[in-house]
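Input: a single structure, listed below in structure tokens.
Labels for the chains are A, B and C, by order of writing; each one numbers its residues from 1.
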């Protein structure tokens, strides 16, 4: 593979756009796992549900991004209810629930996957929109519009969530509940309700992120598996609980993947996220920006 | 005759008349079981469903004529989703649980490759279904492939001719890492020295690849004259879309080659004008003179529309119907359903089918190849019926079927 | 003593079956059930006894399968040698994984094991010698040695492996190793403070578990006469290996056996009669149901029923 600076520049630009997207799909996990310590392995599967939801709405002519926004409240409510169930079954029992909690989420992953296969079939599905198919020409560089769209939405989502968590009362409560539940209770806030809110937000964000996934590439039911690697890589790389760290980590992953894709070929790309994850877990499990 | 014997004869004859009126006809009691799996969902599903419809048509036609050897045909096709992990289990089940008499292979190389060792071990005849060189390593002597190609040289000949005519010197190769694409690409790679083309880009990408813009970008940077792609339907569409989104660059004269999927009419309809200029393989283009095929298409289209399957059915269905015809001729000639007997007949004879005469070589592939290389021209968006016209796919090779010359460079051909 | 007698009886039974006229498909499906017993028992050594959820079972199965393939292609090694070498290699991998993840708990350990699956799969995809992403067709030896067919021989070998796996699990459970692992599972910090050699025990469990998982994967290329990475490194193995001990019960070595027999048989029946998608749904649903309603598994239910009926 011939190396040239043009190609490298293009790979980096592509990687930044892709990285923004990876950050967006990891935001929910940053909240549910990073802040609340819930072993939510089902996060990418819910992401895929959002993508398929946007696809279904797209069959009625709804633009993917609009579909994502429409699905957000639905996912929020579903997430809040789901957390309540999880809390009642697992967290309150407090037994050696590590195995059981993880097993539960892995089971959920497969149920969602099979559900999607049964409902939609194993075929790839993709969306059509005005901004899918063309690209921005900057000299010899081509940046596909769908990537630019994905990146913009991602940026807005990351900013919005970050502001919410740092500027509003309940946002700060979410950050606090992971650190000191007792103190929160003393302030008159019910930690369970706060966690419900947090999980609801994490799931709601997934709806829009899923719609963005649909814009980016065709979807099929087993896609969630590689996103387990990408989302956990971003969250671990960032360090648990850091929202701005999530954005930076996403960019790092995006650029790394893009460079490997360009210069080593598509056959090595699947290992980048997981490889980076292993390296982080082995040498710096607390991440780059963690608490 | 005394009374008791008359009574006996009377009772016997009335009983036999009664039994012949009320019993199930013998032909349906002892059916010939033909079994297979077919990709009906998954990446190959669009083609598989059309192929299956043609096979079912053949079964209906034969049963309407009284079956084979006076026995009804019992036909069953499972869905393997185009996934090679599913076929060994399905074919084991067909042999040991369903106990079928005869096997047909699933459509396409990838689902067929895993069952080749199995059918060889069990000594079963396998009627191949549009696979490419899948028997090359296993060398099963009871394998017969209905596709009109043999090896990479035959396939590549038309594409190579276009490259020569356009004075091309360099080639970029992109091939999916799976049995079909690798067989084809390796054949092309092996023959490069003879062609005078130098490879400037050569990449195998895994089947899970969804984003082709990086591949297209990398190809562009090497400024090739020819771009050869070997891919399955999902990535063929991906590559065509990426070529439009990112652009292959002004140097490219010829683009196409071995992209499966660009022959399925639903795919052709959805890609529309993005197809223009691509030079790709096919097995049948409207206008080719073949006896009996027009009548087949009429009947096929009626059923296909009802079942929401590829309505034009140009690529696979006629050849699947031909598979049935070959089996019919072999079984009727040898008066048996024994695998070895049928295999011997198929090897020794030329069979007459709706896609013309079919003759096999020692490896079970076509002795009389007829791979069509055609260039898409003047294709409009969202129009299915336009593909009934021979002008949408101009045949540039073989000479016997040629309807026009290739237009290059690719950028110019796109606008044709 | 009773245990070893039953094992002997099962072995003899398997040999008899292999020489009988039973339907071929029984052996095709039976192989899968026996393999599941090995996988479930091996998983439970690390997961049930020590509390470390290994979700990278496909990585070890795949490593075992491809190690066996390599032995077959490079040295034309006989099946038993393939299995032995595969077991040694994957045991080593297990040991190294244990070493690398020594500081990781809970979900981090599990995610690291998932990472292994994709990394190994990518390595195989980039190794043309092993077939790459395309895969490889294989010719089995013509005969099954002493047995009527190769498949029947495979099933007898698999029975032997299953007995080995269960015996190992039983030994670990009843020895000081098991006591130490249980201490680690209940509270690793307390265990360390009490002087339990947690690191050594964890590494031992990782190595044993890994070796058995790899040995279970080794016969796969010969079983199918075909191998390719996507189905070999399939995460479905992971969720099955997790579900079987949970359904059966993680605290006792008989649990994984019960879970494996029930789940694998159910899966085979569903695949033959309905479809292969539904078989995945069965696993997922049973797993969730048992985790929520009966986390102690069938063994736990039996214990409770026994103690309540006293």
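One rule holds in what follows: contacts are C-beta pairs under 8 Å (C-beta built on N, C-alpha and C of every residue); 3 or more make two chains touch, one makes a residue touch a chain.
What you see is a predicted model, and the numbers here were worked out from it, not measured in a lab.
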| item | value |
| --- | --- |
| Identity of the chain that, by mean CA position, is farthest from chain A | B |
| Highest C-beta pair count, chain pair | A-C |
| Chain B and chain C, separation of their C-alpha mean positions in angstrom | 39 |
| Inter-chain centre distance, chain A versus chain C - centres from mean C-alpha coordinates, in Å | 32 |
| Sequence positions of chain A contacting 2 or more other chains | 226, 267, 270 |
| Touching two or more other chains - residues of chain C | 125, 133 |
| Shared-contact residues (touching 2 or more other chains) in chain B | 83, 177, 204, 206, 208 |
| Complex contacts: residues of chain A adjacent to chain C | 33, 39, 41, 89, 95-96, 98-100, 102-104, 106-111, 113-115, 117-118, 225-226, 228-229, 232, 236, 267-268, 270-271, 274-275, 277-278, 281-282, 285 |
| Complex contacts: residues of chain C adjacent to chain A | 47-48, 51, 53, 55, 100-101, 103-108, 110-112, 114-116, 118-119, 121-123, 125-126, 133, 185-186, 235-236, 238-239, 242-243, 246, 250, 277-278, 280-281, 283-285, 287-288, 291-292, 295 |
| In the complex, chain A residues that touch chain B | 1-2, 4, 6-7, 10-11, 14, 121-124, 133-135, 142, 144, 216-218, 226, 258, 261-262, 265-267, 269-270 |
| Chain B partner contacts - residues on chain C that touch it in the complex | 23-25, 28, 125, 132-135, 137-140, 224-226, 228, 230-231, 234, 271-272, 275-276 |
| Residue numbers on chain B that touch chain A, as the complex places them | 41-43, 45, 81, 83, 177, 203-206, 208-211, 213-215, 217-218, 221-222, 234, 238, 241, 244-247 |
